[in-house]
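Residue numbering begins at 1 within each chain, and the chains themselves are lettered A, B, C, D, E and F in the order written.
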Amino acid sequence: MQHLAILPIILPLLTGALLLLPPFSTTLARQRAIGVASFALQIVVAAILLMQTHNEGTTQYILGNWQAPFGIVLVADSMSTLLVLLCVFLAFCAHLYGCAGDDKEGAYFHPLFMFQVMGINGAFLTGDIFNLFVFFEILLIASYALLIHGGGKQKTQATVHYVILNLVGSSIFLFGLGILYGTLGTLNMADMAAKVGSLEGSNAILAKIGASMLLVVFGLKAALLPLHFWLPRTYASASAPVAAIFAIMTKVGIYSIFRVHIMIFGDDAGELANIAQTWLWPLSLLTICIGTVGIFAAPTLKLLVANMVVLSAGSLLVCAALQSEVATGAALYYLLHSTVVTAGLFLLADIIAKQRGKAEDRFVRSKALKQPIFLGIGFAVGAVAIIGMPPLSGFVGKILILQAAQSTAEMIWVWPIMLISSLAALITLSRAGTTLFWRHSGGVQDDAPEASYVQLLAVFLLMAASPLLALFGGSVVEIAQTAAHTLHDPNLSVLPLLPSIQSGGVQ
Amino acid sequence: MRLLPMPMHSLLLFVVWLMLNNSASVGHIVLALFFAITIPLLTSGMRDEKQKIKRPFLAVRYFFMVLGDIITANFEVAWLVVGPLKKLQPGFIAIPIDIESDLGITILASTVSLTPGTVSAEISEDKQWLYIHALHLTNEKELVDTVKTRYENPIKEILGC
Amino acid sequence: MLDWALFIVAIFICIALFLNLWRLMVGPKLSDRILALDTMYINTIALLMLYGIHMGTSLYFEAALLIAMLGFVSTAALCKYLLRGDIIE
Amino acid sequence: MSFLVETIISILLVFGGIFLLVGSIGLARLPDIYTRLHAPTKASTLGISGVLIASMIYHSVHTGTFSVNELLITLFLLITAPVAANMIAKTALHQDTKAIERTKGQELMETIKERRAPTLSEEQTDTTQENKQV
Amino acid sequence: MNSLIWIPLLPLIGTLVPLFSARYSRTACAFLTAGLPALALFLILSKAPEIFDGQAFHAAIPWIPSMGLELAFRLDGLVLLFALLILGIGLLVILYARYYLSDQDSIGKFYSYLIFFMFAMLGVVMSDNLIQIWVFWELTSISSFLLISFWGHKSDARKGARMALAVTGAGGLALLAGLLILGQVVGSYSLQDVLDSGDLVRASASYPVIVVLVLLGAFTKSAQFPFHFWLPNAMAAPTPVSAYLHSATMVKAGIFLMARFYPTLAGTELWFLIVSMTGLATFLLGGYLALFQHDLKGLLANSTISHLGLITLLLGMGTDLALVAAIFHIINHATFKASLFMAAGIIDHESGSRDMRQLNGLWKYMPYTATLAMVASSAMAGVPLLNGFLSKEMFFTETLHQGSLGSLSWMVPVMATLGGVLSVAYSTRFIHDVFFNGEPINLPKTPHEPPRYMRVPVEILVFLCLVVGMFPGFVVGDLLYAASGAALNDFVPYYSLAVWHGLNFPLLMSFIALIGGLFLYYNRQHLFKFQAQFPASDPKLVFEGIVQQISRRAEQFMAIVDNASLQRYIYFVLSLTIVMSAIPLLDLNTTAGRRPEIPVDALSITAAVLLTISGLATVLWHRKRMVALITLSVVGLVVTLAFAKFSAPDLALTQLSVEVVTIILLMLALFFLPQKTPKESSPRRIVRDLGIAAMLGGIVGTISYALMTRPLDTISDFFLANSKTGGGGTNVVNVILVDFRGFDTLGEITVLGIAALGIYKLIARMKLFMPSSDLNGRPWSTDSHPILLAVISQSLLPLALLVSAYIFLRGHNLPGGGFIAGLITSVAIIQQYVAHGVDWMKSRMKLDYQVMIGSGITISALTGVGSWFFDRPFLTSWFDYFYLPAIGKFELASAMIFDLGVYLTVIGATMLILANLGKLTTSERPVLEEHD
Amino acid sequence: MEGLYAFCVGILTACGIFLTMRGRSFSVVVGLTLLSYAVNLFLFASGRLKLDAAAVLGQSENYSDPLPQALVLTAIVIGFAMTAFAVILAMRARADLGNDHVDGRLPSSIETRKSGKQGGQR
């Protein structure tokens, strides 16, 4: 049990590596079985880890037995463990969907999926900023490889943009890291948080630039306007299980903003307190706006959902801009909800596209769907949830965010934009749904594939998460708020992780 | 598979390991032996012809002779390079060769490149001709003779063909 | 005396490197540039050895060895490209 | 370090340095690619050998243990320099790079490029160069 | 559990009943479906006596406490009234729909939606929590969307449903905002707290915002002007839906909301102005529009709008008696309008048309239905002895008693009378134009009476109209009193429910309305002609047009901001970076810090010149790709030198080996990419990009300088101090890589491994253009494997392997390590590929690179896992010194095994890439035609 | 020396950035390579420059900061992996899309696209 915190990284890593070795690498059936089993195990591990963290508080996993701030540590707090659980659950469903046949479309689907999850989990768990960079690169390179899975011109094109843009982003990340190391002399995030308050004068200015560069990088991942343009096309062109797992990728950027710009450069950062807010305020709101425009402009369901990802990223970034405990709690809940729902919708969009013949998922008249009832219910659940209508999870997230905007100035900006974007989602998704399901010329596309039970199960699991998130909203919100409380209180998020400061009082 | 598929290589590796480490300690001798045995085993499949050096001592003598030629060659070249370029009389020339093995041709071509004012430019497809470029070509016949007698013959002897 | 020798040789090598750069920039053909690069590798090795003597350390030996090895590989590959287009065919 | 050793090292260094410089001067100064090839292939190789041997002696004396690993670099360069020169010459010929006009045996260049045997070899060696414009 | 919870819960469970009972007969399905709602109705009725005594019930289950949301239900007079309407009329509609729906329609689905709506509506009225009200409010929107679009294959149904959803959804969002602010002002989301804090709310600065937002919700739902247009278009729904949602229940939700928040929000000038004026306008407009409808349901829908306006007007007046009148009219309107819709449905069902221009003289065909419809219409018109008359009398009375409009107050009763005239006129039209007025024209079916039980719901409702009209006090007295009391949250003022109040002004107004209405109907041709001058517009199409217009504009906008060009994306990223870093940089007064600088020497200047010129040359010649590659190599070489010079030998080695492999890769790519870069950047673009590049370069350089010249305390002393004792190595950089930060390295090789897998995927499906000639159109050389290169390469391989072994083994203590060793091995193998080609290698090298990657990563990871068995955290290293006779002391460390994993992964990855890339072209090489 | 070093870092950054903003994949990859050189030099310098101070215990009197060196090593390797992927991706894009423009279409076709009705995210 003492090694629990590292299992979400090591399990997918070892599974991925083993899947490259005979006898596991030889047949698809074995790869599928091992993959599903591994993800199931990871869900169990993540759940236990979350419970343990929730009951016993933040724990640190000291890699190589080198104490912070010298070695790399993993930090298992409510926030990171919650996101890890989200990630492995999502991965389980997306991978399950992939097992129904998408994994045959190209090589190495299963190991790459494992590595992808390893990267995401690592980014959530690590307490070291350079290690965060490494995990960013792992999740990126895995996502590059997965993005081209299945082949086709669109994918290639989207991948070129995605890869090059992220390579530029990685360079900026390293510039930022260099500046932060060059001013703070440390890499451990808690240590940085402890030291950043004492920076002043020119060092503070330099560190501020470093932090700003990191904001650009995280913003690029998180789809912050004007860095988000790559996202819709990329997500829409990815094969379904990949698009589904990508739903959590923007959240890694958002999570990093919370970790770096709220925990390190938060209220207690002295001259550098809340430096990200200046930028996040206008940009996050504009992100919602451009997402809203995007959903109106989207000609296909996949693009529509991809733009919903942008929209939800904007909503999450608004929470970061609000820079309060309540807002962070709201963001966490909204993050859980929007991730599973958009992932589910990506899978649904794929099934729908495959059954509508040449029309695919475009909003035009076509042949009727083969499985209208299941798909219709799934779509309705997803749409209601993502619009933010009750009784599904979306409304809880939306109200939490609205409530988090407490001052009049905040309300004047956040409320109209959030509400109008909801209305836009309502209008576009109702149009989308009625067109896809009802506007048909009768008769089904005979050679269209029916979604297999495995695929339907994957969609069902993701979609079922939304009502459950709403039904057990009380507990989930409580966990989210505990996480937010931990993050915002240096006595919980920083000091316990630094033994030297605890005992000696270097502060 | 024999223990030492390439004995000359093994010897070379053994020596080189000790040279790399600037050490002849027991530990490094053990390691040198280890690598001298394992690396040829690993790479023996990667060799086309198993060309043997028939007369190693002649080879050593040849080596030192070429070394001397290199030094003299360089003084000549240095003089030509620094001096007035107008006087330079470069030229291409074909030299018929008798060696048949690739290794022999390679050694010959390399020697030619390192020694007085010549660079091996090409070997004809039928491996009968070595084309060289001379920096200052005064007497073609003499050059051909030098290459053949001073370099080609010893190489033939060393490789035993 | 050694310091003087080191200084003079360093100046020589600097001049040599500039001459290499000049050839590399002027060309006129790609083969000229490749030759210039190849020469540059050799001068760099000398520079490293010189620096090793200057600093009294042998830590630069491996770097010099690698430049020798990799410089050759890269020259060969560049030529192969010009000859055949595909270097690994 | 004794004066003698220091002198030897210094001489070797300067010797090497001069040849390195000569090699590069040749590279810069010589009129065409074929002549340029000579300078670095030979002069630089020798020059670097001088520097390496100087280094070898220096480190042997400096640390008190026999340092021979620089010899490996020398050896390596001696082996590879001709091959590199060969490859560059091949490239230049392949690309039909012109030699300076007064170069003897220019008519051979096409033959060399195509790696044929010199069909006119008998005539060539005998006759003078004036009547050989192809 | 409190039995209160069961009242909404039963219909929720009931939603599933029809889905499972649809397989039995339709009648069975209907009865089973009705069961649970009937039980809920019974539960409510069982509580009626206590409620009539003024009691109210509450029940709550916590849900999301921190959000202020709990599942809280209440049952008071107002709730009772609405719950009776919802459940009572709901049951009648279930019965009616059993006959209405055709065999093609899925009755199970229909009932399921209907009961779900019933649940939602019950939830709205029973909610005791602000957020919960909104939750159920939105559920009614969703369920009504499903019901309106029940015949989704019809374009009308889809468009009507979407519009209804959009309008009510927009209102719902406004309502949410209003309720949240209301809750914040009160400090509680509990309805009772809110009802008790009327003075607080009215005094707060947010009051106008709250009123406007809440009313937006109410008006959209109750189809008040200017949001009335969705309701007639919702008539695409099956008629039972119209009877239920669009007369009795859902449209009343807005009314309910105004009544519910009456104690909190009403009583101000603002409330009066907005609510009563909106109500009045809607009242008149609805009546006017109803007159011109040819569709039976259209007439009823517009009449509903009108009556909802009437109720709104009453609620706006702000007097307690007006509220009582409003509640009374809610009951009456629900009964007569539901019955009228059902009658219209019967007519449609039995005659096949709803067009009043076709429908004539149906009295002859269905006299019994006609009688029922005529009674209900009379109630709608306000004919005495029917329920409509009573509430309309109260309405007229209240219009006379208000004075808020000052000297213009007289207009209100006049307008009210005008509204009465209109409602008589359209009611008359409903009676005369359908049941009399000659013979039917071209009806699809010959009309006849409907099945017996289809009529029963109508009969019950019409019966109610009659008994309420005649014995109001006895029939609805208690209910009205209780509802009014609950709505007022206070004592109910005195009012009289007598049928006859003597000859008074309201009676005169009723009389004028009756006469005027009949007159208007008989002169309707003039009005029709007048109306025909206006261009007819279908709100549905207008709405659809607006949405499409927005979509188009959005598309155009996106096309402008997002031109799918990577160059623009990068431009955005870099611009933002520049802006965000330049602004703080302007505050940096002195760039140079206090740290002493290293003096410059000739070699450094030479290196800097080399680097600068080569870098610029790379840029300048980037279109001559091969030249750029060579200058790039020079840059790499100088960077290597820089690392060496500034005391980083490991970095120098790594940089060098990586650079060579990169150049080789780039050359491979060059072969397949177009050989020239066209000149295509506009001068403006080049200037822009130069500007960006220069600025970013300047910023980065400045920061770098500022950093280097400032002293810094880092955590690195720890590494220097513990490298030997704790990590067992003297090369601190390597010990950091394999021990202190071994986790980074594990990640790093994973990246490399994944990259190789990804590249394999890229290659696997690649179809390449293979150029048959070089840049200048020259055919490729025929000498694929030059002898010299081949021979020398063969001899070099063992040496290179030995060197890599050397680099590998010394790494822990001196510059080197697994990564560099791996790269050297790879380069040596690549060199073999260059010298001999893929085919030659394939038969000689039988390494499975994929397995190498997998085992490399596995070995490294398992080295980490190994420490678990010693009860240490992942990657805790182990090392020890051993002594063997003759050999002496030597060290063994777990880091070596870790490094072995690194070594294998590097080789596997590099070779997987290169070997597969090489395979691409082996098959055949195009030969240049002679004439080229 | 620091100034000279910083100047070089700046130059490399500028060169890299400029090439990264070109339209053809090869130029972009070359630009990214240059940029990664700049990044590595920058990150390395964040530990400050020292002469004759290799972080090998027993080889010199004072030691340079080994941590940034280790970071740069990791960054070089990762950068290599990324560059390799980008290079092969450029080839694949050429194969799939018929040209080597990073947008998969030649600039001339952008004009036609603009005039066409279908814009936005197609």
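By our rule, contacts are C-beta pairs under 8 Å (C-beta built on N, C-alpha and C of every residue); 3 or more make two chains touch, one makes a residue touch a chain.
Chain by chain, the UniProt names read as follows: A = Multisubunit potassium/proton antiporter PhaD subunit; B = Multisubunit potassium/proton antiporter PhaE subunit; C = Multisubunit potassium/proton antiporter PhaF subunit; D = Multisubunit potassium/proton antiporter PhaG subunit; F = Multisubunit potassium/proton antiporter PhaC subunit.
Keep in mind that this is a model prediction, so the values were computed, not measured.
Novice: Which chains make contact with subunit B and with subunit C at once?
Specialist: Of all the chains present, those in contact with both subunit B and subunit C are D, E.
Novice: Of the chain pairs C-D and D-E, which one is connected by the greater count of C-beta contacts?
Specialist: C-D
Novice: Provide the C-alpha centroid distance between subunit A and subunit B, rounded to the nearest whole angstrom.
Specialist: Going by mean C-alpha positions, subunit A sits 62 Å from subunit B.
Novice: List the centre-to-centre spacing of subunit A and subunit E in whole Å, with centres computed as mean CA coordinates.
Specialist: Going by mean C-alpha positions, subunit A sits 16 Å from subunit E.
Novice: Return the distance between the CA-based centres of subunit A and subunit F, expressed in whole Å.
Specialist: 26
Novice: How many angstrom lie between the CA centroids of subunit B and subunit F, rounded to a whole number?
Specialist: 41
Novice: In subunit F, what residues contact two or more other chains?
Specialist: In subunit F, residues 20, 25, 38, 40, 42, 45-47, 51-52, 54, 56, 59-60, 67, 71, 74, 78-79, 81-83, 85, 89-90, 92, 96, 102-103, 120-121 touch at least two other chains, as defined above.
Novice: Which residues belonging to subunit E are in contact with no fewer than two other chains?
Specialist: 554-555, 558, 562, 564, 566, 570, 574, 629, 645, 649, 668, 670, 700, 707-708, 712, 714-716, 719, 740-741, 744, 747-748, 751, 754-755, 758, 762, 765, 781, 783, 788-789, 792, 795-796, 799, 803, 814-815, 917
Novice: Multi-chain contacts only, two chains or more: what residues does subunit B have there?
Specialist: 16, 20-21, 109-110, 120, 123, 125
Novice: Check the chains against each other and report every pair that touches.
Specialist: Pairwise, the chains that meet the contact rule are A-E, A-F, B-D, B-E, C-D, C-E, C-F, D-E, E-F.
Novice: Would you mind writing out the residues of subunit E in touch with subunit A in their complex?
Specialist: Counting only subunit E, the residues touching subunit A are 62-69, 131, 134-136, 138-139, 141-142, 145, 149, 152-153, 155, 158, 161-162, 165-166, 169-170, 173-174, 176-177, 180, 547, 550-551, 553-555, 557-558, 561-562, 564, 566, 568-570, 572-574, 576-577, 580-581, 584-585, 587-590, 593, 699-700, 703, 706-708, 710, 712-716, 718-719, 722, 726, 739-744, 746-748, 750-751, 753-755, 757-758, 760-762, 764-765, 850-851, 853-855, 857-858, 861-862, 864-865, 867-868, 872-877.
Novice: Can you list the subunit A residues touching subunit E in their complex?
Specialist: By the definition above, subunit A touches subunit E via 3, 6, 10, 13-14, 16-22, 25, 61-66, 69-72, 106-108, 111-112, 115, 118, 122, 130-131, 134-135, 137-138, 141-142, 144-145, 148-149, 151, 160-161, 164-165, 168-169, 172, 175, 178-179, 181-183, 185-188, 191, 202-203, 205-206, 208-209, 212-213, 215-216, 219-220, 226-227, 229-230, 233, 279, 290, 293-294, 296-297, 299, 329, 384, 389-391, 395-396, 399-400, 402-403, 415, 419-420, 422-423, 426-427, 430-431, 434-435, 437-440, 473-474, 477-478, 481.
Novice: Over in the complex, which subunit D residues touch subunit E? Could you list them?
Specialist: Residue positions touching the partner: 76, 79-80, 82-83, 86-87, 90, 94-96, 114-115.
Novice: What residues on subunit E touch subunit C, complex-wise?
Specialist: For this pair, the touching residues of subunit E are 602-603, 606, 609-610, 613-614, 617, 626-627, 629-631, 633-634, 637, 640-641, 644-645, 649, 652-653, 656-657, 659-660, 663-664, 667-668, 670-671, 770-771, 774, 780-781, 783-784, 789, 796, 800, 803, 807, 814-816, 820, 824, 827, 830-831, 833-835, 837-838, 914-915, 917-918, 921-922, 925.
Novice: Which of the residues in subunit B come into contact with subunit E in the complex?
Specialist: Within the complex, subunit B touches subunit E at residues 6, 9, 12-13, 16-17, 20-21, 25-27, 30-31, 35, 39-40, 42-43, 45-48, 102-103, 105-106, 109-110, 120, 123, 125, 127.
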